[in-house]
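Chain lettering (A, B, C and D) follows the sequence in which the chains are written, and residue indices restart at 1 in each chain.
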Amino acid sequence: MNEMDQARRDLVIANRILAREDVVDAYGHVSMRHPQDPGRYLLSWSRSPELVEGGDIVEFTLDGKKVSADNRPPYLERFIHGAIYEARPDVQAVIHSHAEDLLPYGITHAKLPPVIHSGSVIGNDVPIWDIAEKFGRATNLLVVNMEQGRDLAKTLAGNRLALMRGHGFAAAGRSLMDAVRIGVYAPKNARVHMAALRLGVPLPLHPGEIEARTDLFNPNTAEMWRAWEYWARRANVADLLGEPPKAAKGTSRN
Amino acid sequence: MNEMDQARRDLVIANRILAREDVVDAYGHVSMRHPQDPGRYLLSWSRSPELVEGGDIVEFTLDGKKVSADNRPPYLERFIHGAIYEARPDVQAVIHSHAEDLLPYGITHAKLPPVIHSGSVIGNDVPIWDIAEKFGRATNLLVVNMEQGRDLAKTLAGNRLALMRGHGFAAAGRSLMDAVRIGVYAPKNARVHMAALRLGVPLPLHPGEIEARTDLFNPNTAEMWRAWEYWARRANVADLLGEPPKAAKGTSRN
Amino acid sequence: MNEMDQARRDLVIANRILAREDVVDAYGHVSMRHPQDPGRYLLSWSRSPELVEGGDIVEFTLDGKKVSADNRPPYLERFIHGAIYEARPDVQAVIHSHAEDLLPYGITHAKLPPVIHSGSVIGNDVPIWDIAEKFGRATNLLVVNMEQGRDLAKTLAGNRLALMRGHGFAAAGRSLMDAVRIGVYAPKNARVHMAALRLGVPLPLHPGEIEARTDLFNPNTAEMWRAWEYWARRANVADLLGEPPKAAKGTSRN
Amino acid sequence: MNEMDQARRDLVIANRILAREDVVDAYGHVSMRHPQDPGRYLLSWSRSPELVEGGDIVEFTLDGKKVSADNRPPYLERFIHGAIYEARPDVQAVIHSHAEDLLPYGITHAKLPPVIHSGSVIGNDVPIWDIAEKFGRATNLLVVNMEQGRDLAKTLAGNRLALMRGHGFAAAGRSLMDAVRIGVYAPKNARVHMAALRLGVPLPLHPGEIEARTDLFNPNTAEMWRAWEYWARRANVADLLGEPPKAAKGTSRN
């Protein structure tokens, strides 16, 4: 399987995982930077993530134009993806989601700190972007052009997650698997933080702990593969999984 | 497929979606105005929405009488539907539901503002109707005649959603798909609002944002179809879906 | 099908419904008074409710002894059932459950009022029984003899639901279907009440409303059958459902 | 079936139950002490618990070394298990989990008392271990060597459950079934406790009640088997269940 086919396959897996784990529903989307051309990204046309298949993946330039002629309607908010890739050469995958557990933070401007080890994926700081600040109080809240996408990317800055007021979030991963981890664990971290508020003042992770965990990330370990395989099975796309990385393989299993 | 068959088919889909998304259970119902006669509406006989099929759809006059001889028992509370169609020529579909997440608002008279973009469907104001105000403190809380239905419709006024104290809600859509969106997103908006109260003072959508989103609604876009298709698949009635609108179609999918 | 076979069949349906609706899990049980001998009751031997079949139903005298020789172990807490039947000739079915949503009320001695129309089934007053009051602070909390069962029945008095501190609840129905309704709707009522506490002071149903709704109960209406059929289908025992009551039947369904 | 085969089979059942009941997901693990050599324990290699089969079970010495040559990667945190077996000869099974409902307690240092009868499994006192206290504020929070494992075991002391700040918990059972009960009921107890805080001051179980219930535990009763069988069925491993204990058997079932 060549690099492009693998990329499309992994993007399909990511779509299905995020749908299964309630990170996206009919809305929300996940993209990855083109593996061979950093000036492009891969994203489904306007389909529900749980229905996305390999043939649905379309190539876009960073400003949101289709690379090839294709009459299928694109996501209105694809500019979120391109603007982040443009501003952040380190980012290889982007998720936009309306996941319920993060929405309360965006509408109260309450700080969401990482409080559990898997939640370290959200990073030290989670900024909140309010579309009304620059674009006024009469938008439909959607990010529908590059100007809006760039403004969001500016608020995201060097972070891994930005909340969008009254709307959702954008997550920026160093790889597709990394982005999916943000998508799944950010809501869990939020639920735990919110529940802890009932008990007292939640102790956030120490900065050194967040750093140690971020440095830890390596898609080729048994630990990372374990989650990817687990999620793919739950999403009924285990058959799409390729060969596990060498470090995650068991040879004497019966 | 003629217009009436399409109407019945779409009403079946709506019944199944609302059941699958926990908006209704054994109780609660959804109707649509007769596509050819605004003085009539279509509604199932007294069945659980998740069991409703095309042959279960019955025609009623606005005052709740069956148009044809039919010995199947009707819903006791069908007057909710007729009274709203009578008062609101702009309304094409009505849902009555006991969805759990909205009930707390009806019994505390707390205001429920739209706080997330999909929640804009509930509109600027969500009035609360208390049956006891006009009909006393010894009813069984059900809306069982036109007088009660009309009183509820009066409280609903020009809004899209009215809560019914200790009972549920009535939603009024410009189309069947629009009503289903209110049914699904009003509870999500309520959950987010309630969670946000733990964090601070939730910022509601700006009136201009609600207006921009309401104007946006067009059942023939890729975005609207995407949700309808997604929900229908989850409800196992994808086979009933007709042809997608032109704007939502992909021709090069493989 | 004779009266005893029908009773066993309905009791199987009730077991399965309560398991499916998370009212019981491996623990918790439901009984009905013997249809021909008010001095006996029917209850499964010590099985998880979701596994109960017709042949698992055993006859007990009110003091908890098996009527026939049978070496299958009975539920340790069957005395809850017999003691309530003994004290309350009006009661035809009893549920004992550890449903999670009611447990917080039992350990804080907070009052649980009916706040939603379906919650009217819990009645005006829900007393709390604390086993420690009479039997000391070193029991295993289980009701394992008639003395304990009778003490619980005394606290239940003429009500429909009693909470058991740190343990669960006992519900007393006028019929099996009535008991199942208490089992399903009491937790929903508790969830709504608890959520409403975040918003303000929840308005309980008016006494006249509770009375009107209690008088309304009639197992032979379309409305009652609709829920019974719905729950049975969800629990995968629709095939056990007998003929619907005449008032719930549709003859022109296709 | 010999003792070792039974042990492996039961450990597979425990893995599947904990996965099905959301105690573990891709992460978290359960072990049992070797039935013939108290200086060893049985634990899967680095697989998601819901995928574990008999052939995945590996033998480790208490210091976390594989007994036989085996190139499959072990869990990084296996030292939690060995260190607890080393310190606690009474412990026969250990669970490590990130279950969501317990996490809020670990990050607020709020006390979690047993408040419901099934929650008595957590014991009188649930200590909280903070890895930063001894190992500084720049670890990745994982227990990756015996020194860390022993420090955790020291905090656990003679208790049945220890929370790990920002990470999860370790549970120590007198048997595999006992450990599984802690894993399942500790989160339920936490949910009930947390909900009760909204209503008032939750009344904990009395020490004599905890003691009476702890003494009660006997894997060979109908009551214990009932839960084990129920959970195994939900986890789709009923076919692995061996013969029920004599006290749990029904001979006249049809």
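Rule of thumb we're sticking to: a residue touches a chain if its C-beta (ideal position, glycine included) is under 8 Å from a C-beta of that chain, and two chains touch if they have at least 3 such contacts.
Model, not experiment: these values are computed from the prediction.
Most remote chain with respect to chain C, judged by CA-atom centres, is A. Our note on geometry: chain A versus chain D, Cα centroid distance of 33 Å, whole angstroms.
Centroids built from CA atoms put chain C at 46 Å from chain A.
Multi-chain contact residues of chain D (touching two or more other chains) are listed as 198. Taken as a contact graph, the chains are arranged in a single closed ring, with each chain touching exactly two others. Here the chains touching each other pair up as A-B, A-D, B-C, C-D. Interface residues of chain C facing chain D in the complex, by the touch rule stated above, are 25-27, 45-48, 50-51, 53-56, 70-73, 76, 98, 100-101, 103-105, 107-110, 132, 136-142, 165-167, 194, 197-198.
Contacts from chain B toward chain A in the complex involve residues 115-118, 188, 191-192, 195-196, 198-203, 205-209, 211-213, 216, 222-223, 226-227, 229-231, 233, 247-254.
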